[in-house]
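Multiple structures follow.
Here come two complexes built around chain A, the first alongside chain B, the second alongside chain C.
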Partner chain A sequence: MTARDTELSSRDPVREAPLLAAAWAVFRKDVRSELRTRYALNAVILFAASTVVALSLGMGPLTASRNADLPIIQAGLLWIAILFAAFTGLARAFVQEEEARNAAALRLAARPAAVFLGKLLFNLALLLLLVALTTVLFVIMLRVQVGNPMMLAAILLAGSLGLVAATTLIAAIIARASVKGALFAVLSFPLLAPLLVVAIQGSAAALLGRGWEYGVGPLQVLAGYTIALVVASLFLFNSVWEP
Partner chain B sequence: MGAGLRLAQTAKLLLGVWMAGIVVAMFLVIPPYVGLGDAGRIIVMHVPTAWVTTVAFALSAFYSARYLWKRRAADDSGAVAAAEVGFLFCALATITGALFANIVWGTFWNWDPRETSILVLLLIYAAYFALRSALDDVERRRRLSAAYNLFAAVTMPFLLFVAPRLADSTLHPNCAFIQGSTCDGVWLETKGVRIGQLGDVVLALQGLEQRGDVAVAYVEVRTPGLQNVALLEPTFELASGKPADRPEFPGQQFLLAVEAVDLANGRALLNIEAPGTGLLSNSRTFWTFMAANLGFLGLFIWLYRLRADVLVLQERLARREVVHELPA
Partner chain C sequence: MTNTIRLELNDVAVEYGARRVLAGVTFDLRAGETLVVAGANGSGKSSLLRVICGLQRPARGTVTIRIGSATYGPSEALQALGWVAPDLQLYRELTAIENLAFFAVVRGLRHRQEDLEALLDEVGLGGRGGDLLAAYSSGMAQRLRYAYALLHNPPVLVLDEPTVTFDERGVALVERVIARQREHGITVIATNDPREERFGDYVLRLG
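Here is the complex of A and B:
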């Protein structure tokens, strides 16, 4: 038994596998297990749809003639809908590993950086799906006028990247705690405050139909935020992922 | 050991006397500031607590990093103690600030950059404590909360960078909150563009005339929350080129000043000024303020050391109890 162990570790396939290939394998495993249960997918999509429907039912279509601040209000509502839907689904990637007691196996099968990048990718895919769905529903049901659709798409994409960069490490942290759901939102929100401000303002400028000169600043901040948090996560993930 | 203890006792006593002196100086030494009256005295308490909060946050992040690096329980105790005492100071800074804002600016809360960043800081501390209480395993609690603390520290620069932009976009008179009122003001003309906006205040220049050696601007002022409209007459001293009379906005303690005039073309540069600008130019106020900074820093260090020692002691006691329960 011990001889076989040493033989295995001398080859050490975990260390030899290229990082990105390992991350891709983790991502594919997550997608496959998600498609089997569809837990996060159902929860997130239904949550997003109910938020938009509730907003639309409660307020009806808002018209610009009645309110000059309409774009910023709409951008704020859209991002709140996205944020809370993300809070319901994004912790799943790590919580499910702990609940199904897969975490130990995953620790053996891949190095921490690969696990983190795979989960990051999975969360990003889930969030992009959610953002696309929420935005389309939001624009249709609340009759939102989008002045600069390409810029809105760019801000939504950059905001999603930042959101995922901030929440993936926190998902790994709260997966080990006792009150997971509430804690995820509590820990994430203060870190997301700068992202939300910039994303809401950029989205409002896009809804208003402003040119790209108003979008470059927010996009730069969001890109910087994403890079800083991904780098910090890669540094910290090793100590979070320890058994 | 005995000498060290005596030194610590003396330092503690000195700190008490020092803080008492600051409280006395706050009411007796500092002159009341024009436009603020006695409310201005609160800066002796407010600014040092806010500054100690940032020191505490940095110290907590430092100890968290050292814990992840060296895995010593004492470092975790340091991070917790700094965060707890920092939370206390953060709450004090928020409360004193809100009181001051209500007296001077007419509102408890206004999302100005510093208010935003201190509120998020409070939330981060609260989240840190919530995380600690939700983790049962001691080693895991230390490791994960240290990671969260550092991760939160990474986002702080973005918040500090972003918060001023936030104030820019709200309709509040943000430039008035920034000390020294650095916003550029608006140029209004009697013959051309008469209406302009400073923060959420709409100004309309009704007239501009020379009265002796001062220029008088007649400005109609509307604030969104206010139904009635006020006519203010700020003046500008032509000889010295400085604003003279700065009337107060109705309901708020902002001042309206004329910063430049162009009488030939009927143009005037109007700006908002916050009371409190130049508060520290008085030397008695300045030295009391510096002494308060030092005093609060000392208070923080004392509280922090005390709390860290208690945490380490708790840990030792708990471990000894565990040892005693084990069968020999």
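Here is the complex of A and C:
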């Protein structure tokens, strides 16, 4: 028996790595891979930037003097830009594993819950980057006035959590399909429709500068939505991930 | 401990749609034994190995790993299985050391950089651990597959075309790995190279 054996070997065939440590390792591996390959990052950033620029060029500044319904339109446009940019990037975490044929190595080494949580964290990091970029560009290029910036940030964060919770499991489902892009959008939209309605209404209230009493309701709905979907995903992921 | 490990296949069948590629495969291996699965391309060798590893569901039958008095299905006993195959792809955008460190953490193994370097040394990749896998030749990538499979010193080692892409020194590595595995575990090898049948205590011919 070599020194390596004593350090690395495991004689317990069902001993599992601590869940959070393994999930964090999956997240770090995905971040490192993404920074080196830019599969998702480039697509997401380009899509977000080009959408906002196109809106800016087509519509000009969306100032309050133009329309009384402006905040809801602004919030709708912002979430549509976020949603479509997210569609281009959030499926990559699982699709990349399947296309590069790394999934078998991961299946043999990691417990499914760790894989799911690691991918969820990676998608969340990617989406928060996307949301920050899109929102900043949106506010600057369309000259949007934000009445309650903290509430807008809270709604965007809660909406992002919900969006990631809904799409990560779907990304795992479509990763082995032949028409991944279309299937991802088709399966995601029914799940995301209620989230979008609430997030748009909450964001509109924040843009209008309303108080937190108008934000608490949407935030509660978004938090409940996220918790329900993460719990359901953790239960369902085994049957999606295992052959 | 070593003589309490068993790998049992009972009436395993594999189908792709209406086409049955394997039917009624049954065997029972104990620690120290090596089985060579031989057959032509398409005879179901790789499918059988994937079923043993839990990477593919059999159409019928069961795979059981017994360790002591406990029994496990393949997907319950990840730490018991090591797999080397042409299908096995590690992360090309990571270095060899980063690959091994990642898999060590997700397997829950304590590891130090020196341990991983020692493992790379064992498979003939000493000094190349900092290179991206994308820069590896096919033979070097195959050596890294062995490092991945041996990382947790598994009691059941499953080798699909074990010497593919290897030069003479690579073949010597395979011989060493199989000899070492005999000391504590079970080895299952799939091959269509008659020279590799010498590794086995038993030969199962398919097709």
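The rule we apply is simple: the second predicted complex is superposed on the first by the 229 of 243 C-alpha atoms of A that agree within 3 Å, B and C clash if a C-alpha of one lies under 4 Å from a C-alpha of the other, contacts with A are read in each partner's own complex, and residues count from 1 in each chain.
Operating definition for what follows: a contact is a pair of C-beta atoms (placed from the backbone, for glycine too) under 8 Å apart; a residue touches a chain by one contact, two chains touch by 3 or more.
Keep in mind it's a predicted model, so treat the numbers as computed, not measured.
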item	value
Contacts of A:V221 with chain B and chain C, given as first, second, both or neither	first
Contacts of A:P18 with chain B and chain C, given as first, second, both or neither	second
Chain B versus chain C as contact partner of A:V197, first or second or both or neither	first
Partner chain(s) touched by A:L77 [first = chain B, second = chain C, both, neither]	neither
Partner chain in contact with A:E242 - chain B first, chain C second, else both or neither	both
Which of chain B and chain C A:L208 touches, first, second, both or neither	neither
First, second, both or neither for A:A158, with chain B first and chain C second	neither
Partner chain(s) touched by A:S233 [first = chain B, second = chain C, both, neither]	first
Residues of chain A that lie at the interface with chain B and also at the interface with chain C	242
Chain A residues touching chain C - in the complex, by the definition given at the top	2-5, 7-18, 21-22, 25-26, 28-29, 32-33, 36-37, 100-102, 104-111, 114, 242-243
Residues of chain A that touch chain B when the two form their complex	72, 166, 169-170, 173-174, 176-179, 183, 186-187, 189-191, 193-195, 197-198, 201, 221, 224-225, 228-229, 232-233, 236, 239-240, 242
Complex interface listing, chain B residues touching chain A	68, 116, 120, 123-124, 126-127, 130-131, 134-136, 140, 143-144, 146-148, 150-152, 154-155, 158-159, 161-163, 165-166, 169
Residues on chain C engaged by chain A in the complex (per definition of touch)	1, 53-57, 65, 67, 70, 72, 75-81, 83, 87-94, 98, 102-112, 115, 118-119, 122, 148, 151-153, 155
